[in-house]
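Note sheet for the following structure.
Per-chain residue numbering starts at 1, and chain names A, B, C and D are given in the order in which the chains are listed.
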Amino acid sequence: MPLDYRRFNGPEDSVSYKRFTKDYLKSYDELYKELLDDNGVRKDGRALSEARSMCMFFARTDMVSQAKGSAYVELRKTKVVCSVFDPREIPHQNEFSQLGQIFCEVKFAPFSCPRRRRPHAPDAEEKALSVALRKALEPTVCRHLFPNYQVDVFIYILEHDGACLSAAINAAGLALADAAVPMYDIVTACSVAIVGDRLFVDPTEAEEHVATISPETNSNHGVITMSMLSELKQISDFTLIGSMDTECVNTAMDILEKECETLVPQIQKILVTNVVKSFEQRQRLEEEANDREQALNIKMEEWRKLLNAG
Amino acid sequence: MAGLLLSPTEKVFIVHGVQEDYRSDGRSNIDYRPMELETDVVSHASGSARLRLANTDILVGVKTEIDVPSPENPDLGKIEFFVDCSANATPEFEGRGGEQLAIGISNLMQRAYHSSQAFNLKQLCIFESKQCWKLYVDILILECGGNLCDAVSLAVKAALFNTRIPFVKAALMDGGNVDLQLSDDPYDSKLLDVGSAPLQVTLCKIGDKCVVDPSAEEESCSVISVIVGITGNSSCFSEDNSSPDTGGKFTTIDMNGPGSVAPKTLKDAINQGRVAAKLLDKSLGEALLRERQESVKLKKYSYGFLK
Amino acid sequence: MTDIYKLIHPVKYFNDYVSRQVRPDGREFHEQRNIKLNVNSIKSADASAVVKCGNTTVVCGIKLELATPKAEEPDLGFVVTNIELPPLCSSKYRPGPPSDNAQVTSNLVSDIIINSKCIDLKDLCIASDKLAWVLYCDMVCMDNDGGLVDACLIALMASLKTLSLPTVTYDSETEEITVDTSVTTKLNVHGLPVATSFAMYTQEQRNIILADPSSYEEDMCGGLGANLIICYNKGFICGSQKFGGSNLTTECERKAHKIAKGRAQIVEEVINVCLKNYQNEPNQ
Amino acid sequence: MPGPDLLSSQGLRLDGRRPNELRRIRCKLGVFAQPDGSAYLEQGNTKVLAAVYGPHQASKSKSLQDGVVVNCQYSMATFSTGERKNHPRGDRKSQEMSMHLRQALTAAIKTELYPRSQIDIYVEVLQADGGAYCASVNAATLALIDAGIPLRAYACACSASMAWRNGQPEPLLDVGHVEEAAGGVVLTVASLPSTGSIGLIEMSHRLHMDYFDVVLSRAMQGCKDIEVILDRAVREHLAEGWTKQDVVVI
């Protein structure tokens, strides 16, 4: 790997201290056991089919002042910031493109992953996430309205505790709406991790990790992320990794469809609040302006009187 | 695809044909086009295969290197996919023009081979937490005539089937380092167990129906296609028929294109893909076993690109 | 209406405000923006802090790693500081490798940290010539609205002050390393460098310095970032840089130093209060 | 100055060839359907594919008033060499190769016939076993013919080396990888044999002036031999093409 001379680099042989702790290499069974307690409840107190979005979904728009539209989504520990900028002409293009384009970039903070330090240069996972995000957003944006222009969508993942792709898609949907980019429908996404016959809805990083390790037996495992346009009943992107049979895929799809639908009212609420807030703000500004004008008029009157008198 | 121009009427013709289950080249919606497959075409590689599916031409070479296993998985080997879109396919790929497509395909392959149920990396381990084999699967796309993903996955499986890994003759422990001596004899080598390696089937949504193996013309009529990766059946790839039927599990599902699909259509498509993959896997196994027998009897004639 | 005016006549718009002794966001010339600070909100990092100076938001995360020290400095550990200006923080930045501006800012912060000697690199050494800590401190700007260096430094110092190192035992014979995360020691931080940015503007022979400028003010004063950065560490100057902008008169300089000194105390207080609150939180 | 032993006492080379013998050349025109012209050429164990697109409208920045722009790209498959290559193209060596290819082929093409146009020539080396450049030029010539682009003459390339036998200089024709690696001099010539003109000469290592002419004439002889082989391949291809195509059309 070539040395990145634009940044300060640490020593080449540095490794995370976690490699030397006792529980660095745990067996598959140990890891699996840690996910659930004796009552079949997940470590953070959720039931298997319970999504974090139900209780702890925290999202707001208008996060980045310099961007046209922005959003912040927090699923307990997973934290994602998204900003959307004004459309600009597609750079380095010879031909006229009938449809506008969406440019997505997903980036992990160097300190975002609990297991290792992320490199500064974009790696394969970030590129794959960027592509998945673009595919999820393309069907919902009215791209014919800005031909030959591209909208930049930037995602920064501050902390990764599972389901970061679905958090990123939700954040991007909010930010696009905040930036007033015309869209057909609200886009929502959700993930599920599959370990054997158990389905973990909206998984944490630990659950995703176990689901991506292949077990010794021939049982199902994997992670599925699905994004939907709920009003139009359309799936805009579907990503599966792991190994599972048809039945498992079908059940997971039904669950994800339901979860995506439950997200819609929450997102609608955030958007409505946003509109109300910006309306109030504008009203307040207008009132202030009126006040100033009146004060000015009064002063002008006084001066005129003085002039007339003087 | 590059340089392909279709008039609206031509597109309507294709869409109507698909609706009637009778495509413009005479196939039904679940038929593949004829393919040509030859293994062992590149002598510098440990395993290689060339697949020609109508106008799509793929050359795959597998190279092996000794590497240190990653600390998280000390008992696993490594596999890496690299796709190169040759400018021979279309002038648009000149320089770095094909990079986007290449990254997309290699990511898809990497994900399809991720699970140990698809490809067991334990067979690449030499010496736990010290040394392992790293397979470089280099995919060269020479011509694009539609349906790249399927062709790539078939050619990769064939090349891996053809790959020989030399036996380790001796290992010297020197402090913490291991010094390996490899066998020089090309026949003194082991074959990989690739029976369960996944095949990918692209289902192209045209109108309301899905077709397998779309031609470049058909691809331009569709806004969305579903790619499913399905593990293979090991019993099709071994000469004794005793091993049980396995496979048929999904290792990847992905959507490609700017459109979207209804949940019902997606479910139908992945089922259709599973059926198609099973048939494809069976015929690939037969072809590869036949070729291997021929090469054992020294009857095999090498065609390369001269045919 | 004002938005359009600002867009069409940016300079005139700015001048109108300045000639009335007020800044576009309603502040006085010497007034700084509110500072909000929160520590250890990111659990995947070994220490972290989020700081907001007005709109400017910076997140700092520290990851700990172990490495062999350099042969020429066998008793010293490493502190690697980098500033990331991702394209999402402002439309000025594009995806790809760090821009020149990001590199300059990165260098500046790194120089301040080294010159202020707030971390003794000897504290980071575990076994001479064999093993030492590496502190990867990454400051990520989430929203760049001016005064970037100030915010980065606050975030960095706050997270360094909350950092504790796990116990490491190094067996010199077997070269075996064991880490015990249950027992940790706090990192010693000496001093507290605080930077204050200024933008300098000349209007009709009048030299004006604007403390803690917003990104719009920085643009108006003709700099890629702030024009003047003064850094104080516990009442002592530990750095002063000037980049472009109008000429700096002695009078202005004196005024700037006074503001910077005052601000250093305020920031110190903010950090201390925040750390105290964090330590007193019951769930920590 | 006895270099490495490239010739046995019987006067045979490391791979059993005589000094003036070419490696086996097998080739085929029209391997692909999409490009305007394509060819595959095997020279011993070196295998090369070439594709030609054009002539088509040149991009504005490159366009020439008085002739066609010849655009070449030389690329090597990652598995083509013994050691795996990390990048198929873009490194200094393949940039240089692309340039040399362009020089040799521009000499052969009747460039004045297509002003403001562009011809793209892409060469992909599938397997490199010495003389990859020569094989590329030969394959590209065939692809140009397959595309129907008017040429002045066949452009052929061949390499030659130098060995000693019983104290006498003995030039070697068509250098293989083993001989290249042994470190002798390698002289590469690209020429239009029927006109006798030389498009490009490149030499590695050093060679005494006295022997230069001997080696050069050996390489030129090789080019002439190759021209015969290429010519036969083209004639066979066309004969085949006539019969096949006409039957289908009628």
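The rule we apply is simple: contacts are C-beta pairs under 8 Å (C-beta built on N, C-alpha and C of every residue); 3 or more make two chains touch, one makes a residue touch a chain.
Just so it is clear, the model here is predicted, and its values are computed rather than measured.
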Chain centre separation in whole Å, for chain D relative to chain B (CA means): 32
Length of the line joining the C-alpha centres of chain A and chain D, rounded to whole Å: 54
Chain centre separation in whole Å, for chain D relative to chain C (CA means): 60
Overall pattern in which the protein chains touch one another (line/ring/star/complete/other): line
Pairs of chains found to touch, sorted by chain label: A-B, A-C, B-D
Footprint of chain A on chain B - complex, ascending: 71-72, 74, 103-104, 107, 110-111, 114-118, 226, 231, 246, 248-263, 266-267, 270-271, 274
Chain D-touching residues of chain B, taken from the complex the two chains share: 3, 42-45, 48, 55, 57, 59, 61-63, 65, 82, 84, 86-91, 94-96, 136, 138, 140, 142-145, 304-306
Chain B partner contacts - residues on chain A that touch it in the complex: 19, 25, 99, 124, 127-128, 131, 135, 138-139, 143, 212, 214, 218, 220-222, 224, 229, 232-246, 249-250, 253, 257
Of chain D, residues touching chain B in the complex: 26, 28, 31-35, 38, 40, 42, 45, 47, 49-51, 53, 71, 73, 75, 77-82, 84, 88-90, 120, 122, 124, 126-128
Touch list for chain C against partner chain A, complex: 1, 42-46, 48, 55, 57, 59, 61-70, 78, 80-82, 84, 86-91, 95, 97-98, 103, 106, 110, 134, 136, 138, 140, 142-145, 166, 168, 177-181, 215
